[in-house]
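In the two complexes that follow, chain A is the common piece, with chain B as its partner first and chain C second.
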Partner chain A sequence: MPRKTLFAFILALLLAPPLAGGASAGQIKGTVKPQGLRSPEGVLVYLSNGPEVMLDLSGAKFVMDQRQLTFIPYVLPVPVGAKVSFPNNDKVAHNVFSLSQAKKFNLGSYKPGQSIEVTFDQPGVVELRCDVHQEMKAYILVLKNPYYALTDAQGNFAIPDSKLLAAHGIKGVPPLPEGKYLMKTWHEKLRGDRAKVEAPATGAADVTFRLKRGPSGVLYKR
Partner chain B sequence: MSLETLPLVLPAKLEGRSMSHLLKFLAAIMVTVVFGLVAVSSLRAQNAAPPQPAPPKGPPLIVEGRVVSQYGPVKGAQVRLPGQSQMVLTDNQGHYDLKTTAPVMGRPMVTAGKAGWFNNAASLSWGGQAGDITLYPVFLQDDPSYQYYSPLVCFRCHGRLTRIWDQSKMAHATSNPLLLQMYYGTEQERLNGKGIAYKIAEPNSQGNCAQCHAPGAASDPKRSRDLDEILRSPLTTWDGISCDYCHKTRKVLPAPLSPSGFAPALVRQYPFQGRSILVFGPYSDVVTQPMAASYAPVFKQGEFCSSCHSHLKPLPAGNKWDPSKVYTPDEMAGFGIKGNTVLPVQTTFQEWKQWQDGLGPKDPNKGKRCQFCHMSWQKRLLPYDNYVVEGMAQHMFNATYRSPNDLHPHHFEGGTKNQLQNAVALEVNGKLDKKIFTVTVRISNTNGGHWVPTGETMRNMLLLVSAKSLEDKPLKLIKGPRLPAWAGRGDPAKGDYAGLPGYAFARVLADGEGNLNVPFWKATRIASDTRLRPKSTLKLEFVYQLTDPSDEPSAEAQLIYRPVVRPLAKAKGWEVKDIPVTAKAW
Partner chain C sequence: MSRRTALILMVAALVVALAAPLALRLMPRSPQTHVINFTAQRYGYTPARITVNQGDKVVLKPTSKDVTHGFLLDGYDVDAILKQQGVTYLKYLWTDDQGKAHTDWDKVKLIEFTADKAGKFTYRCTQTCGNLHPFMVGELIVQDNTPYHFAVSLSLWIVFGLLLWTGVGGWRPPSSKRIDLLSRFSWFKRLVKARSFQFWLLLINLVIFYLFILSALWGSPVGNRNIAIIFVWIFWWTALKAVMLPLGGRVWCLMCPLPAPAEWLVRMRLTSVRYLKEPLRRLHHRFLGLNLDWPKRLANGWLQNTLFLVLISFGIILITRPVATAILFLFILAATLVLSLIYRGRTFCRFLCPVGGFLGTYSMAACSELRPVDTEVCKKHRDKCCLVGGEGGWACPWGRYTGGLKRNNYCGLCTECIKSCPKDNVSIFLRPFGSDLRLKGYDEAFNVLIMLMVAFVFSVTMLGPWLWIKQAANVTESRHLVPFLLYVGSVLSLAMIVFPGLLFGASWLGRRWSGIDVSFKETTLRLTYVFIPLGIFAWIAFSLPQVMINYNYVLAVLSDPLGLGWNLLGTAYLPFDPLWPRSIPYIQGVLLLSGLYLGLRRGLAALGPAAPTPAASLKAMLPTALLTLLVVNVFLRLYMA
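Right after this comes the complex of A and B.
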């Protein structure tokens, strides 16, 4: 073996572990193609058996806003333990409440400018209503692990969803370990689907969901 | 000129000019760029979200004065600047001392109002001094032959308000086709008297339908209560519950002889004081002509709705029924019924009242009233501003700013898909244990301040539950409720669901011959009442048999609302569509 080639080989051996370590974060990417919806945006895709990790939620900020008789956003995925604030930025009083099994609460009527916080400590679908304005409805989806994503306007998603995690200030999410996972979807107007996915050590697995209109399901079959 | 060429051109153009000229030129460019950026960012901000007008505020102002009448000082009058929710009450001497930061808009004035008096106002000096506000009493003269103003009169100044009301079920309650068919037993053209109908059962009676469906006519004892005669009468100015009728209500009082148990205390007077029209309402600060407005607190209370949203039927002398099979003693007391000789046919008002009466003082639902939901803001009514007074009236009456919190759009929505979807919620869960699949369904009355469904007893809501194997084969129900016969016997594909796994929510009236779902004039008892109480959740279990213990079954539940119970719709030949409320899967 020529000396130059041997040097290059040794150098490659030395550099390989750190480089491989830096790119070991596996990812699951994909697309959701729903039938009968105007937009594929806002479909939740999550790993129902993803690794449960201790999250640093000290700097996290989850907000369910109220403006112009509307909850914003319509769907807010949060990890278990999230504290969600409900500011009233409207011109009329609102009364947020939920009778869902995952979280029952009633904030009572409160005026514009006020805000109340609620901690969501059980996984599941929490359906929000306003007792004063019956059109107002939204969902808080409480998830067991941070490996979830919301589809964008094109129906694309990536798990972990770095943009969503950053927007909510969730820190300390470890890279998705290599392994086999069960992926599921949730949308208010779509029948849920699931797929078995193998997350690679590096790079990304690719998944496509074709969803049909129908009743939504539960997040976890306990 | 491009940005690239700018440095090359500038020195040539500025040659021979002084340094101060150069600095001025550069400063001008900087100012232009900064203003340009500000303008662009402002435009972007406008595109991103429309600006919300902030509640108006003005410099602190202390207004002092007196509210008086021809009888002396008026105690307990509400005093405020027009449109403002902040107000004070006058003391024993009629004095008030109002500190406010509300802006003084248009012609500065301060208003006063009290139940039993016409609202009035006094001019306000910029220093906060106001002359005495004189209130005049509303004399309780009621003329039953009064001819109500047409809503078209109100439309001139309250265009948007009356348009929304015109789309409500209140507005055309007399000419409602279902009502006329239940009254006469005829079809659309009213040619054939057939089927179930009040006038067929009671041909010599005009009944009391008009009391709520045509209250303007029914409140005149000289007029016919026959719906057809009312509709054809030249004295009838509108085919429903008009603005002028409701706003002639001073109070609502108990009335044991009324079918509802309540009756409005009407004050019907022809215009006086020039062209003024007497109107009662929820505001003590409305002082604009041609309305002669008087504050009436009942407009903010659930009791306002009681005279129609209640129907108690005394049984013929000597007849009794057994309420204990259907209701608890507390529920019967809540309906306002003692003994066993009166049937609770419609009890929407009482359902709300007993719910409210049962809440503790700190309960977040305490104080919720009918107006909160049935006269609430809806997205289709946005933007909030200029809702009540619009068009030319804004300029005539100083465009009083009123918080949306104090405005109540008159849509009176009820029984619609939109409202049903938000009145109830559904959750489904499954549990597998070897060859047993248990489906748990929870149905909640989330937003109904009364039982759901409520009102007319032909209304009902059905829960349908189904389960299937991984291979899409239907599973067999071995334990759990099934739908009754009145859910429709026949083909499920055509909406006949009797016998299927599920649950029916309804108040079922029965006659002495064992017939169910009979109209109120035939009813002799309440057979069952399975409706959802306010904020309550009903938990139901449906147990299915699996053929394969390793199966991965699934389940679905859906709620549908039926405006008319199936057998009645078939008997009348009505094509009544089911309203899908919600559906969930496991």
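Right after this comes the complex of A and C.
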């Protein structure tokens, strides 16, 4: 075998696992099967004791949009320290406020076209409301580490959630180190569940959550 | 052609009629996805009708233009709330570990479902959104609409079979069997013979009526939250059309509270009879007031027809605004008082009451009648107490001579003649449906035609999905006079010119073709009879679904009759939940086909002696039968497609 070919072959073997995408080192994936939801989409899965890493949030962009009397998205997970903007892209004025422990604020009434930013520096659940439109509601979930994911329309998730991180422009999230972690779930209408998971050095651990309806808890015990 | 051949032909035609709709289903179709911008506004949806093929996927992008509306799709379990700017809540069901079902709402952007069931499905507003809320509907048509195709082919078969059977002279003459209820049930006889019988019925209804008026004036101004609207226009109207009329004819007139106070006043008695030995201008009574007779020139049905058409023009306003209902009733009450003080007897009921008009013509088909037991006894009896009054009962308030009663039209069933007859010769009989066969004048004929057209107009305006027609009719809210005038103009011309014109044409053709030896007027009057049974069934098809859809409003207003926030029976806040809405098009189809059969069958009997041979009868009826087929198919299309 010519040396060049051999070299290319070895290089290919070395590069194959990372280029193969998903199944790289340190990943936890799985499925959430909720009871009493129309769709299993939008359940938060997170590692409550995951490694707290310094994040590069310089290019990050977190947006809680207001369009057609609706907050978009309904659930927005962000890492601690995230600066979230609240643009009013509606035809009417809105007044966003929160009475939650993790972040209390009241943005006052502001007109279409305006945007206000809020920094979330405490972990926890922040329930958003609008003082003008009582049916408007959304959640910002402030998390201690970037190892979280939201389920897709089929209830599947993967931690870290590369799509979500890319969408929010969070850079520098290292792969999940090998080790034992405590996984938790959060959804407005579901009782939170937990599972101890061992993240392997390579490949992915697979977890299935079967969640029941019930009062949602806090993200972290104080 | 022999009857045997005719029978074989009819069976063969039935096979074809049943096979044709099934054959239509064999056309190949590939499933599609329909993405539809879907808007709700007072009082309709855009699009008003969605037509898809079975198996297609429907994706609605819903929004509301004004207030919060609902979207409840019959037969598909899709229940959503539509707010402004596309905010939509979709209901879903889930079961907990104990197997208990729960409902929850999810905020969505799209309403998606697969149209896997064929037929017609109505979507309805579930949120009380304004005056015409109960009539805010739209329609989903899932092809192949086999039930509708069945109804159409069966309607063709019924007309074909009936005419064929007529052509071969297969019909036996109509039976004149009747059952004397008073001699058969002695308790019933004691009941109607009691002087206080009518009084108690009137009193009970008068008390209820009084409460309804209070509620209409001071209760909730929202129609579907007011007992006056719900009970009168949904419950009573349906009971009148679907139960009282076909079974008891004018039995409502026996208990109608509106003329009661006037009658008590002018008689100056509640139950007993004031009998004068010497008659005062024929009658053995002196009433309070002028004791005049109703002018001869006005002694016909034209005033009733006119008043009915006037009311119908404001129909949708009348039946959705409690205050309008109250004003109408108080006006009638006042009119009965004034007229009673001037004229003797029930002149309002007889010549003015818009309801009385159609109760008269439709009662001809009723399954019961008040008649003399033996007409010979009447002929020999010189005093004619039924007409002029006797010691046991008042003179007929309707001016009838019971001995000469051949039709139900102008007998208000007040039971006075049963009490006044000293020979005990008056009774109430059960009889076959559609027994009084002869209309007597154009006033009656037009009443029949007007009623049929109004059933059509109401079906279009109230049950139809067309927003612009509702807006045109709902003039006090939309405030556009021109569309309203156009609406009223079309209703009037339809009822007074177009449809009568078609019938007159059919009658003229039939008469010419068959060469029967009766006048044009007589032929037309006899042929008009077809539309009495058909009209009754069309009205039942219009009314019955109202109760099935709105029965929860009936229960709710019973719990809170004055709209004061009470909850007497715990049913005040029942959610809108139609009863078997999926079955409504089927029920309507069966009713219309029954009406078609009975109409033509009894119409042929009405033609009877005028057309001496089977061929003459077939030829005389054929153009009218085709017109009837057309009418039934217009209704079928409205209700089932």
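Worth pointing out:
Keep in mind that, in the parts below, the second predicted complex is superposed on the first by the 198 of 222 C-alpha atoms of A that agree within 3 Å, B and C clash if a C-alpha of one lies under 4 Å from a C-alpha of the other, contacts with A are read in each partner's own complex, and residues count from 1 in each chain.
By definition in this document, a residue touches a chain if its C-beta (ideal position, glycine included) is under 8 Å from a C-beta of that chain, and two chains touch if they have at least 3 such contacts.
Small disclaimer: the values here were computed from a predicted structure and weren't measured.
With chain A as the common reference for superposition, the partners chain B and chain C occupy clashing space.
When the two complexes are overlaid on their common chain A, residue A:Ser109 makes contact with chain B while staying clear of chain C. When chain B and chain C are set side by side, the one touching more residues of chain A is B. When the two structures are aligned on the shared chain, A:Gln35 is found in touch with chain C, with no touch to chain B.
By the touch criterion defined above, A:Arg213 reaches chain C but does not reach chain B.
In the superposed pair of complexes, A:Gln68 makes contact with chain B and with chain C alike. Applying the stated contact rule after C-alpha superposition, one finds that A:Phe97 touches chain B and leaves chain C untouched. Contacts of A:Lys180 after superposition on the shared chain: neither chain B nor chain C is touched. Judged by the touch definition given at the top, the superposed model places A:Glu135 against both chain B and chain C. The superposed model built on chain A shows that, among 289-297, 541-549 or 559-567, the segment of chain C colliding with chain B is 559-567. On chain A, the surface patch touched by chain B in one complex and by chain C in the other comprises residues 68-70, 91, 135. By the touch rule above, chain B contacts chain A in their complex via residues 52, 55, 364-365, 368, 372-373, 376-379, 382, 384, 403-405, 418-419, 422-423, 425, 427-430, 442, 444, 446-447, 535, 537, 556-558, 583-586.
Residues of chain A touching chain C in their complex: 35-39, 68-70, 74, 90-91, 135, 189, 212-213. The residues of chain C lying in touch with chain A in their complex are 83-87, 90, 92, 94, 96-97, 102, 104, 106-108. The part of chain A that touches chain B in the complex is made up of residues 68-70, 91-93, 95, 97, 99-101, 106-109, 111, 127, 129, 131-137, 191-192, 214-218, 221-222.
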